[in-house]
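There are structures below to look over.
Look at the two complexes coming up: subunit A is in both, with subunit B in one and subunit C in the other.
Up next, the complex of A and B:
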C-alpha cells in the first residue's frame, strides 16, 4: 500500500500529535470519564459488586450541609484572594517599573514568596500566626493590642488563610504585569506628554487597556489557584476549626483519602468540573471579545 | 524519518536488557522490601530510622529494605494505599495503629498469626505490652505490631510552678487541682503566661478521649461498630475542657495548634501542656528550664488513650517477601532496638523486655520522665478506632472544636457528632 504525498503529510501530522494526545487521554480525559462513572455508582461493601444509583450521590451531596459550607468558604476565598492579589500585583509592578533606587532588590523581594515551596511557606506562616509566640501577635502586643488566635478562631481563620495566599500570589502576578508594562512602546508616553495628558488619565486610557490581555491571563490563573488550593490547608488548619477553612479540593482529598469514600470524592469533583466549565465558557464568549490584543 | 529507527531499536534493546536483569535479580539477589513510615513529632527521626535499616541490612545481607519517609500518618496511609492501587504494593509499612479497620476493609493486610511458624515467633508475638496490642487486634488475630507508640503525658514547667508559689515537684493529681494550679500560674504571671494548653488541632479526638476516659467513659465499642459520644460522662468531660478557658481563665480561647504547642512550652508561654510522649527527647534537648513529666490528672480514674504507629504487612506481597518483612519487623522491635528507639525519641519501649535492657534502665535511672509513659500504660485505653474511622474521628474533631470555640455547647456539639457517626456506622452495626 502506498500513500499519496498528502496522505503522508497527514500521517506525519497525526504522529506529531500522538504524544500529546496520549498524555491528554491518559491524564485528563480518561480520569474525567472514570470520575463521572464513579459518581454514579455506590461501591460494593465487602466484596459485593458496585451498584448503579444514578444521580442519588448528587442528591446526597446537595443535602450535605458541610458541602455547602465548604463551597461557601471557597467562594469567599476566591473573592478574598483574586481582586486583592491582582490589584496588589499591578500596584507593585507599576512601582518597580519606575525609577527607584535598589529596583532590582525590590523586584526580587516581591518575587521571593513565589519561589518558596508552598509547604515551607505555610510552615513559616504557621509560626507567624501562632497566638502566644507568633510574629503578628508579638507586634500587636508591642502596640498595645491584645493578640488574635489567627488560625484557631473560626471567625478569622479563613481570613488568615486568604492573607497568606495573597502574599504568595501577588509577587507571581507582578512578574507578568512587569513584563507587559515593559513591552508598552515608550512613544505612547512621549506622545501623551506632548499632548499634556495627566498621569491618571494616561493610566486609565492607555496603560490599563494595553494590560488587559495580561489581566485576563492573571485572572484565569488566580481563579484556577483558588480552586486548587490544598497544600496550605494541610499545614495551617487541616480545614478546621470545625470546617471553618475547609475548601473544595481539600474536601475532595479528605473524602478520598481520609474517609476512603471515593464515590463522594468523585461526585464533588464532577460538580467542580461543571462549575469550571461554565466559567471557561463565559471567558471565551464574553471576556475574550472585550479584550484588546496587540 | 529513518533516523528514528535506531532510536526505536535502542529503546527496545534497553527494555529487553532491563527485563533480563530483573529476571536475574529474582534469581540470586536479596529480597527487596519497601516500607513507608511517618514522623509525627519534631526531630531528625529519619536519620535514626536510616541508621537502624543500615544496621539491619549488614546483619541480613539477604534482605534489602528501602525505608521511605512519607509525611504524617495520613500521608503515609495515602502513599501506601495509592501504591497498592497502582499495583506496586509495599511489603510493609508503619501506619496509624487505628488504621486497622480501614485496612481490613480494603483487604490490604495479613494477620501475623498466619505468618508465624515457629514457637519462637509465636513468643515474639506475645512479647508486647497488651495495652499496645489492643488497637492492632481484631477477632483474636494480630494485624499490627507496635513500633512508635505513645500515650499522652503532662509536661510541666517546674520553674513556673515555683515562681507562682506552687510546689515545683508536685504536678496536679486530678482535674480540680489542674484547673487551680493553672489559674494560679496565670494570675501570678499577671497574664503573661498561660496555665495549661491542650492541643485541639491535629488530633482533637485523641485529647478528648483522654478526658472522657478519665471520667470513666469509653467512647466506642470493642468491635468498632458503635460510638458513645453524647453520654453524660463524655459531655461532662468536654465541659471541663472548655471550662479551663472560659471559667478558670487558665487556657487560651479557641483552638490550640498541635504543631506549635511544643514551641509554646519551650518558650514558657504555658506552664503545662498535654502532648504525646514522642516529644520527650526534643523537649529535653530544647528546654532551658527545669521540667517534669507526669501522668495525666484523674477524675474518676487515671487514663490516656495509647497512640502512634504500628507495623503492618501487606497481603499482596508474595509469601517469601512477607516472611522477610516479618524478619525485619522482629529485628526492629527486639528489646535492644526498642530501647534505643525510645531513648532517641521518647516513644515507649514497646515490650517489658525493652525496659529490662541495660541501656533503657540506665537511661531511666538518669532521667526519670522516660518511664512515665510506660507507667501510665496500665491506665490506658485503646485509641478511638471504628469502621469508617476517618469520618467518625472528623465528626468528633469538629464537635470538640465547635465547643472550644464557643460555637456550640458541649452537649449540642457531641449529640451532633453522635448523630453523624451513627449515620455513617449504620451498616456496620448489624
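Up next, the complex of A and C:
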C-alpha cells in the first residue's frame, strides 16, 4: 500500500499528536468521564458490583447542609477576592505606569507575592493571624482594642482567608493591566490633554474601556483560581472552624482522602466541573469575541 | 512593554510627594511587609517575634534547626528533579503537538485543538480522585514521575507554541526542505530556534508553577523520598506539629529562596514571561 503525499502528512501529523493525546486522555478525559460515571453509582461492598443509582447521589448531596455551606463559602470567597484583587491590580498598574519615584521597587513589591508558593504565603500569614502572639492582635492590643480570633472565629475566618488571597493575587493581575496600559497609544492622552479633559474623565472614558478585554481575561483567571486554589487552607484553617472556610475543592479532598467517600467526592467534582464549564463557555464566547485587537 | 528602560526624570528640586506617590508607596510597603517580616523572624530568636525589637540579636540557629528537623536537602533534590523533568517533558510533548497543529493536515484538527484547550479549565488538581487512581494503577504513587506526568501534555504550552510556530514564514521551511531536511530536522533546525523566546517564557512560568504546586503533589506522595519542597514545608509547618515560629519562618525562607533569588536577578524576564504567557 502506498500513501499519497497528503496521506503521509496526515499520518505524520497524527503521530506528532500521539504523545499529547495519550497523556491528555489519561489525565484529563478519562478521569472526567470516570468522575461522572462514579457520581451515578454506589460502590458495592465486599466485591459486589457497583449499583447504578442515577441522580440519587446528587439528591443526597443537595440535601446535605454542609455542601450548601461549602458552596456558599466558595461563592463568598469568589465575591470577596475577585473584585478586590482586580481593583487593586488596576490601581497598582496605574501607579507604576506613571512617573513615580522608586518605581522599580514599588513594582517589585507588588509582584513578589506572586512568586511565592501559596503554602509559604500562608505560613507567613499564620504569624499575623495567630490569636495570642500574632502580629495583628499584638497591634490591636497595643492600640487598646481586644484581639480578634482571626482564623478561629467562624464569622471572621473566611474574611481572613480572603484577605490573604487578595494579597497573593493582586500583583499577578497587575502585570496584565500594566501590559495593557502600555499598549494604549500615547496620542490618545495628548489629544485629551489638548481638549482639556481631566484625568478622572480620561480614565473612565478612554483608559477603562480600552482595558475591558484585560479585565475580562483577568476575571476568567480569577474565577478559575477561586475554585482551584485551596493550598492555603491546609495551613491556615483546614476548612474550619466548623466548615466556615471550607471550599469546594478542599471538600472534595476531605471526602476522598479523609472520609474515604469517593462517591461524594466524585459528585462534588462534577459540580466543580459544571462551574468550570460555565467559565469556559464565558471565555470562548464573550471574551474571544471582544478581544479583537489582541 | 519596555517598563524598565525608561526612568522618571530626576527633578532638580525637592518636591512634596503627591497623594498618588504616597498611596503607591504605602501599598508597596504593605505588600512587601509580610515577606520582610518573615526575613526578620527567620534571623532572630523566637522570643522577639512579637515585639519586633530592632536591635534584637541576629542568629542563624533557626535555619540550622529547620535544616535538622526536616530533610530539606532531599526536598530540594526532589523539587529540582521535578521541575527539570516536567519542563523538559513539556517542551518535547508540546513541541510535537504544536508543530502538528500549526503545520499538518490532521483530520478533525479544529475539534482536536478545542479538546486540548479544555485542559486550560480542567486541571489535574480538579480531578484529584480519579487522577490518583490512574497514578496508582500505573504504579506512580510516591514517585516524582507521578507528580509531574499529569502536567506534561500542557494545553497552555501547546497553545503558546502553536501560535509562535504559525508566525514563522513557510519560506524558511521550504528552504530547509530543499537542503534535504526531513520533518524532524525542519522542526529542530528552523522552528525550535526561532521560538526560543516562547520557550524561555513558558519555561519560566512552568518552573515557578511546579516549584509552587501543592495539592496534587501532596495527594500523590506519602514519604520523604518523593516529596517536593512545598509538601515538605506543608507537613513541617502544620500547626499541630508544634514547631516554633522562628523555625517555621526559616523553613519557609529555605523553600522559597532559590525561586526568590532567581526572581530578584531576572525580575524583568520573569515579568515579561508572565506577560507573554498570559496574553493570547
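In the analysis below, the second predicted complex is superposed on the first by the 271 of 294 C-alpha atoms of A that agree within 3 Å, B and C clash if a C-alpha of one lies under 4 Å from a C-alpha of the other, contacts with A are read in each partner's own complex, and residues count from 1 in each chain.
Note that in this section a contact is a pair of C-beta atoms (placed from the backbone, for glycine too) under 8 Å apart; a residue touches a chain by one contact, two chains touch by 3 or more.
What you are looking at is a predicted structure, and each value in this text was computed from that prediction instead of being measured.
**Q** Based on the shared subunit A superposition, would you classify subunit B and subunit C as clashing or fitting together?
**A** Aligned through their shared chain, the two binders clash on subunit A.
**Q** Looking at A:133 after the superposition, I want to know if it touches subunit B, subunit C, both of them or none. Which is it: first, second, both, neither?
**A** Both subunit B and subunit C are touched by A:133.
**Q** Which holds for A:222: it touches subunit B only (first), subunit C only (second), both, or neither?
**A** Neither subunit B nor subunit C is touched by A:222.
**Q** With both complexes overlaid on chain A, does A:241 touch subunit B (first), subunit C (second), both or neither?
**A** first
**Q** Looking at A:125, would you say it contacts subunit B, subunit C, both, or neither? Reply first, second, both or neither.
**A** Second partner only, subunit C.
**Q** Now for A:267: first (subunit B), second (subunit C), both, or neither, which partner does it touch?
**A** Neither: A:267 stays clear of subunit B and subunit C.
**Q** So, does A:165 touch the first partner subunit B, the second partner subunit C, both, or neither?
**A** A:165 sits against neither subunit B nor subunit C.
**Q** Using the touch definition from the top, say if A:105 reaches subunit B (first), subunit C (second), both or neither.
**A** second
**Q** For A:257, using the defined touch cut-off, is the partner it touches subunit B, subunit C, both, or neither? Pick first, second, both or neither.
**A** In the superposition, A:257 touches subunit B and subunit C alike.
**Q** Between subunit B and subunit C, whom does A:207 touch in the aligned arrangement: first, second, both, or neither?
**A** So A:207 meets neither subunit B nor subunit C here.
**Q** Decide which partner touches more residues of subunit A, taking subunit B and subunit C as the two options.
**A** C
**Q** Please identify the positions on subunit A that touch both subunit B and subunit C, taking each partner from its own complex.
**A** 126-127, 133, 235, 257
**Q** Which of the residues in subunit A come into contact with subunit B in the complex?
**A** Residues of subunit A touching subunit B: 45-47, 126-127, 130-134, 149, 151-154, 235, 237-238, 240-243, 254, 257-261.
**Q** Under the definition above, what is the set of subunit B residues touching subunit A in their complex?
**A** Against subunit A, the touching part of subunit B is residues 74, 77-78, 81, 102, 105-107, 194, 200-202, 252-257, 259-260, 263-264, 267, 269-270, 388, 390-391, 394, 397-398, 401-402, 404-405, 407, 427.
**Q** Note which residues of subunit C are touching subunit A in the complex, please.
**A** 1-4, 7-9, 17, 20-21, 23-25, 27-29, 31-32, 34-35, 37-38, 41, 49-51, 92-94, 96-97, 99-101, 103-107, 109, 112, 115-116, 118-134, 149-150, 152-153, 155, 158, 183, 208, 211-215, 218-219, 229-230, 233-234, 237-239, 245, 248-249, 251-252, 255-256, 259-260, 263-264, 267, 270-271, 274-275, 278-280
**Q** Which part of subunit A faces subunit C closely enough to touch in the complex?
**A** It comes out as residues 6, 9-10, 12-14, 16-17, 19-24, 26-32, 34-35, 38, 88, 91-92, 95-121, 123-128, 133, 135, 138, 167, 170-172, 175-176, 178-179, 182-183, 217, 221, 224, 227-228, 230-231, 234-235, 249, 252-253, 256-257, 262, 265-266, 269, 272-273, 276-277, 279-280, 283, 294.
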